[in-house]
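Heads up, there are several structures right after this.
In the two complexes that follow, subunit A is the common piece, with subunit B as its partner first and subunit C second.
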Partner chain A sequence: MRRRFLRTQKRTKPPYEAFPREYIKASISLEENKTHIENAFHHSQDVMHRELTWNGKKGLLFFLDILVDKDKVQDDIIRPILSAGEGKLEEIVHIAGIQKTSDISKAITGLLKGQCIFLTEHDDTLYLLEAFNALGRSIEEPANEKIIRGSHEGFVESLSTNLYLLRKRIKNPNLTVKYITLGKTSNTRVAVVYLHGLTNPQLIEEVEKRLQSISADSIQTPGYIEDYIEDNSFSPFPQALNTERPDKTAANIIEGRAAIIMEGNPSALIVPVTFFSFYQSPDDFNDRWHIGSFFRAVRILSFFITIVLPAFYIAVVTFHHEVIPLDLIFNVKSSLQHVPFPPILEAMIMQVMLELLREAAIRLPTPIAQTIGIVGGLVIGNAVVQASLISNTMIIIVAVTAISSFVVPSAEMSTAIRLLGFPLMIGAATLGFFGIMFGIILILIHLCKLESFGTPYFAPFAPLRIKDWKDAFIRLPVWIQNERPLDAKPQYLKREWFSRGWKRNGNKK
Partner chain B sequence: MKRLLLLLIAVCTLSITTGCWDRQLLKNTRLVYGVSLDKVQNNHLLTTVSIHSSISSRGGPSSPTNDIVSSRGDTVHETRRNIERKISGPFSASKTQFVLLGNELAKDNIYGLLDIFYRDPRSQLGARVAVVDGRAEDIIKLKTKEETLIDEYIWQLIKTEEQNTAIPASTIQTICSNMFDSGHDFALPQLRISPGKKRVELAGTALFHGKQFSGITLSPSDSTLLLLLADQKKKFAHFTKKVKNSKKETPFDYVTFNAKKAKVRMNIDTNQTPLKVSIHLNIKAVINEYPSDRINRKGREKALGKKLTAQLTEQANALMTKLQKANCDYFGIGRELMAYHPDTWKKLRWETAYRNIRLEPKVNVDIVGYGIID
Partner chain C sequence: MATKNSTITQGQLTFFIFQTQIGVGLLSLPFAVAKIAHGDGWISTLLIGFFIQLCIFLIWALNRRFPTLSLYEFMPQIIGKPVAFFFTLLYSLYFIGIGGVVLLLFSNIINNWVFDVTPRWALILLMVSAGIYLARENIRIIARFHVFISFFAFILIFLACMAYAHIDIRYILPIGHSGALNIIKASSEALLSMLGFEALLVIFPYVENNEKGVLKAMSIANLIATSLSTFLVFTCLIVFSPQEILVIPQPMLYMLKSFTFTVIERLDLFFLSIWITFAVTSFVSYLYLASKGLGYAFHKNRHKNAVWYAAIACGFIALYPDSQLAINRLAFFITRTSFAFFAAIPLTLLLLSHVLRKKERKDTAS
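Take a look at the complex of A and B:
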């Protein structure tokens, strides 16, 4: 029933959609065109017009009051027109972007993008003059992807600024930007950025195909796009890398991946990605390679700790206490002595408490968030042990798990793996180590099967390509990583040629 | 949708219909640290266990205590069940550190006592086995030795002595194969309550034949030599020998050394009857204590080495006699024969032949160090 209802709904076109996309020819009559434009905006009061005389004829300049830069309109459009009075418009106004069209719907779209429309009596040519007012915050370091050394620039909410940040990093005519407008109501501009000639054309085709087939009212955040285009929505693992760092985005583009950037959101979606790209951070390359490798290894270790540690502890105290070393067992046992709950419940309570604290702290302003930290962390943590509700050991385990889950540079992956711990905990509580093993096997099977835009998600582990481990588990010096990773299937693999020739020559002498 | 529903039903039914759930919460279990087994009237078994637990004031630091429980029965498992009736939670042998066997009991077939350890997957196969001169129960019943709990006390004692190469490191697991091997015997440490009745001490090494205690115990010094000859040296191996004969019996007559390195070579000569087995032990010794003289003078260390060589060879010869008397083939000569001289092996009845073979040990001591003085 519900489905049928939805289907009938789909057929009729809702009246609130952004605009008729089909071509509507402008009339010769100025009055008619004016009415058409005003009707299109339902006489919205921020649609302004100014009457001007041009070549002896009556002209009208339309613009959306709040979208245009007033100074620009006054100084670069109105003043030249008034002072010249006649001639060719292109030669008079001081505007870089001038388009001529006879399509009224295109003009209306233009108004929404911050262009001005100039039209005259007895003429069906409409001039679109660029006067967009780029308001927005300045470029700052993204708060959730801070690094110690290196570039501190982050994307902002303006698409053009974001593209500027990328162009600044990759000064190459082959860096291609393709705009797609998504969302019938919100009419959001989305850009696909890639390096022509390097990125696999099939990938670009696939990305465009998937983006184009989005047929929805609105696209609010990149999360919408992600949901629409990812291969498997029911997987716990994110299949597109969400980053606010231009340097990370540029590095990925040069590896042969594509970035999808949305107007109004300071992040780029990078596709295709592998599991290990979520564990990479620009910091790895700002430090020397052993340090970078060490941190990389710590992060991979954090993955295992987050997923397995609580489950392992539960399995040990419920089923396999023979594996606890002798000197430790009595400590653990005495801390458990008066706890009324089974270990699984203990762990769940603590994990839920932790998630509550985290969630509460995000929303609140910093000074209150600190209070939450103290109340939650110290007071509750201490009281819960004093009251013998939760054992000391469990507090330690949950705390270590939480800390290691926050090590992952990507916030989505961090939450994803923390949540993955829950089914493993249940497995551990019902079947012990067997349960954990079943869980891990299921996760591994899933990871091996998962694809991101037709490329294996768990590369270079499955399919195995040891060559690519140079930038997965560890990070070797960049001159050893002389080939791009294979997973994005770039058109050329080689990326470095004999950069340290001086060394060999020097030795010969 | 249908598939999801089916899966959900399957998961629900599976979780409800599971039969036995082998969950055993750590907080409920009573962890047994040490076990002793004795023979009492009517061939009954008496098991005494020391259960380790800690009394904790809520949330505060806890202090460990132990609970001594004993019970009788016909089999080890029956005694365990009887003990379980006297304690507050399930009996767990997963952390058993040692099993003490009474003297009387050890002279019977000890496999019957250990069988349960091999069958139960939760049991601790790393537990040490030791024989007690007298009743094993008496040791556990000491309960505490000063500040230390008796079970920890025994466990530490055994571990330390293993490091000193004074007793063989025999766990439940390692002795299992030897019990069934006709060509290899084993030995267990022997403990006793010292005459003061308040302290446990190491009596030496109890020699076993097959699955039975032979009744012969080696002194700690002999055990160290035995272990060196069997190439089972651990961290230290100390010997004290008398090398001088002055009028007064003072420490000045003695030398103590540590065998820093010990190399063993066993040679079996099958051409001779009775079989001749020579064991060469080469000890690189470091002097620990030698108050009477300096060693670094020319020739002195060699002379001392010679004296020690003679004394140790003599001790080794006496040791071999004891081994043969106990019929304990500790070196695994039978196994060597099976592997390398099968023809000879087939001709021999090892059970009786071992007592009659010629065991010729030869010990050579080289002094390689004498501490930081001299």
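Take a look at the complex of A and C:
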């Protein structure tokens, strides 16, 4: 029912194809081929061509002016051709990527990728010469995933740079990249990266199957891909890990997961993931293990605080006053005395205000964002209490909730759990503790049901696997974590062999 | 028949049974046994645990003859289709009945203890919707949930341990003072809070490697459940004097209510909140078992289609009694009839299957 309701449009073929995808044989007439290519681009003026003589015949070099590196075209293609004048093209030009084809459609696609096409009179062979101009920003640390110590590199908008960053970290021929082109109009190149022989082949098959079945006009951000391939779109929890950190991506690939990276976007989608993947940060492994474990425990605690604390407070002041000890009740009661709203409304107002502040500050330049922070946080916060619109304690509760929601290293999880707090607040306002408990039970049931690419989302808790707790809500020393977590079902689990043999030998002596 | 994606491990079986056994009856268990056996109530719970162990042997012996079939599937082979159909319905009704009693006792306790003006149907509705949400899934997902919830048992034990500051061991002395007969009688009162092991009849084929180890997993489940209830009963019996306990229907809660700490009071509310999860797991298990039977009878073995009306039926059973007396009568009735379902019928089936030489052939078992 639900599915039928949501699928409003009928399954029809797209009204147009952006350009012919089927095989079109090149003609032997140069003029015809030229017209064909120019027509395909509707005589767009950035399609340039240069006439050259080759082997005594008239030749044409086509390229998209803005996509190619001009120096490369001049020095490595045109100059050798002019100076040699004849011979085999492969031996003359200084280009690594040369393809021969007789398919004009392929040539047109090549032009869009920044290749040059070289064709000659009385010949239906087209040469595709790689001359892509990689413009883009330099490698920087991602702003939303900063860490204290460790690698400060981040992905950029260029797919090849991102793959380079991964190859640099995993120098292994088994690191496999599979390209898939998605989007009928945008023709976005997407790469699936995994370790052959380690990653579960069924997983790769499933990822490829889901990616191939995407039939859409354009893929603009990884969010599109995520929406298309995730298991349950109606879950509040993100089911693929978005990261801009190459080290995090590499670590996940070595655990047997697959990364999906898209041209033009600096983030990798990692599948399959579990709930706890969102609470891990490379920082954990740069600290000593007790410290790393402590921070991780703090993060998990932040999850409970974010979803339960406001609801708990509402339940206490609405239904269960008796839970507060006598000494404390006067403080709470006095702050509540002049507030006209019920606690649930107070909490909602403050939460909405907070979301407004966050949303307002996020896109403004830093100096103005600071002003907003001061106006919002100090002025409004102080004024609402003095005007007796919101109680003191509620401000504290909402502030603690907000802070703890930002503790999660992943932005989408942070928002997800902040929003999960709202239904629990409503539950608390209707049935007190039992409302909260039912909310939690429903969330837990949902977590137990949820799967990400065939992997239980709530592993290693449900299904229980105590072995994998070593890297879930704590982090034990790496030599104790000698097996990969089972959740991605890698082909072999062992990842560490007797690294501290020296210790035992040393003691014997 | 179990498909590849719906099997559970033996560990999951243990916690599934444990969670089904430990449920709503737990809170009033000390009161129920103390009414008859007084200070010896804890012996009664041990005794019923022992009795249940015998029944587990029986059910295991029966199911072992049909390792890939559930109760509903192998009954036709032993007693013929029409009779088996009737018994399938009977079992489904029985499971719905227990599900209804779980809802009933749950809403009753919440009503009496915290929300005295909240309508019962609202609480039942919440419970039913949570039940439907989980019971629609396959056994593996339900078992995952049950395993996770079992962690909460530690919190319950921790809260109960708080009581050991106020104990007097003389309340239960001399051991055995109420006589063997009363102890045995009281143990039948304890049965309601220990039911749940009969789920094995239905979930046996879903257990991985069920040729061996099932008995061990079941015994561990029963051992944990029996020790937990004995521990709670024992705690209550040494905290309250023999006269006191006879007037307190939920001694656990009453005990926790009296504790005071500098940051928090009314531990009973927290205890109750945790205990809700145990009520939910029991309810979900029974709902699953019932809809499994109905699904087999009416929906070509798809239990999903039956969950809706089974849950609604449970809800109506829970809404029906209007007085404490009616509640007690219903609970009593269910407890008495349960003997037939976990002992008498399985025993008959076992004997019949031996007499008629009915057994699943090994080569068909996969």
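Heads up, the rule we're going with is that the second predicted complex is superposed on the first by the 492 of 509 C-alpha atoms of A that agree within 3 Å, B and C clash if a C-alpha of one lies under 4 Å from a C-alpha of the other, contacts with A are read in each partner's own complex, and residues count from 1 in each chain.
What we mean here is this: a contact is a pair of C-beta atoms (placed from the backbone, for glycine too) under 8 Å apart; a residue touches a chain by one contact, two chains touch by 3 or more.
Keep in mind that what you see is a predicted model, and the values were worked out from it rather than measured.
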First, second, both or neither for A:E322, with subunit B first and subunit C second: both
Touched partner set for A:L442, first subunit B, second subunit C, both or neither: second
Partner chain(s) touched by A:H338 [first = subunit B, second = subunit C, both, neither]: first
Which superposed partner A:S388 touches (first subunit B, second subunit C, both, neither): first
Subunit B versus subunit C as contact partner of A:F330, first or second or both or neither: first
Contacts of A:P463 with subunit B and subunit C, given as first, second, both or neither: second
Doubly contacted subunit A residues - partners subunit C and subunit B: 319, 322, 324, 432
Subunit A contact footprint on subunit C (complex, rising order): 9, 11-12, 110, 114-115, 118, 122-123, 126, 130, 133-134, 137, 140-141, 144-145, 147-149, 260-266, 269-270, 272-274, 276-277, 280
Residues of subunit A that touch subunit B when the two form their complex: 316-319, 321-322, 324, 326, 329-330, 332-334, 336-339, 342-343, 385-388, 430, 432
Contact set on subunit A toward subunit C in their complex: 319-320, 322-325, 327-328, 431-434, 436-438, 441-442, 444-445, 448-449, 456, 458, 461-464
Subunit B - residues contacting subunit A, complex: 15, 21-27, 29, 31, 52-54, 56, 58-59, 62, 64, 92, 94-95, 97, 122, 124
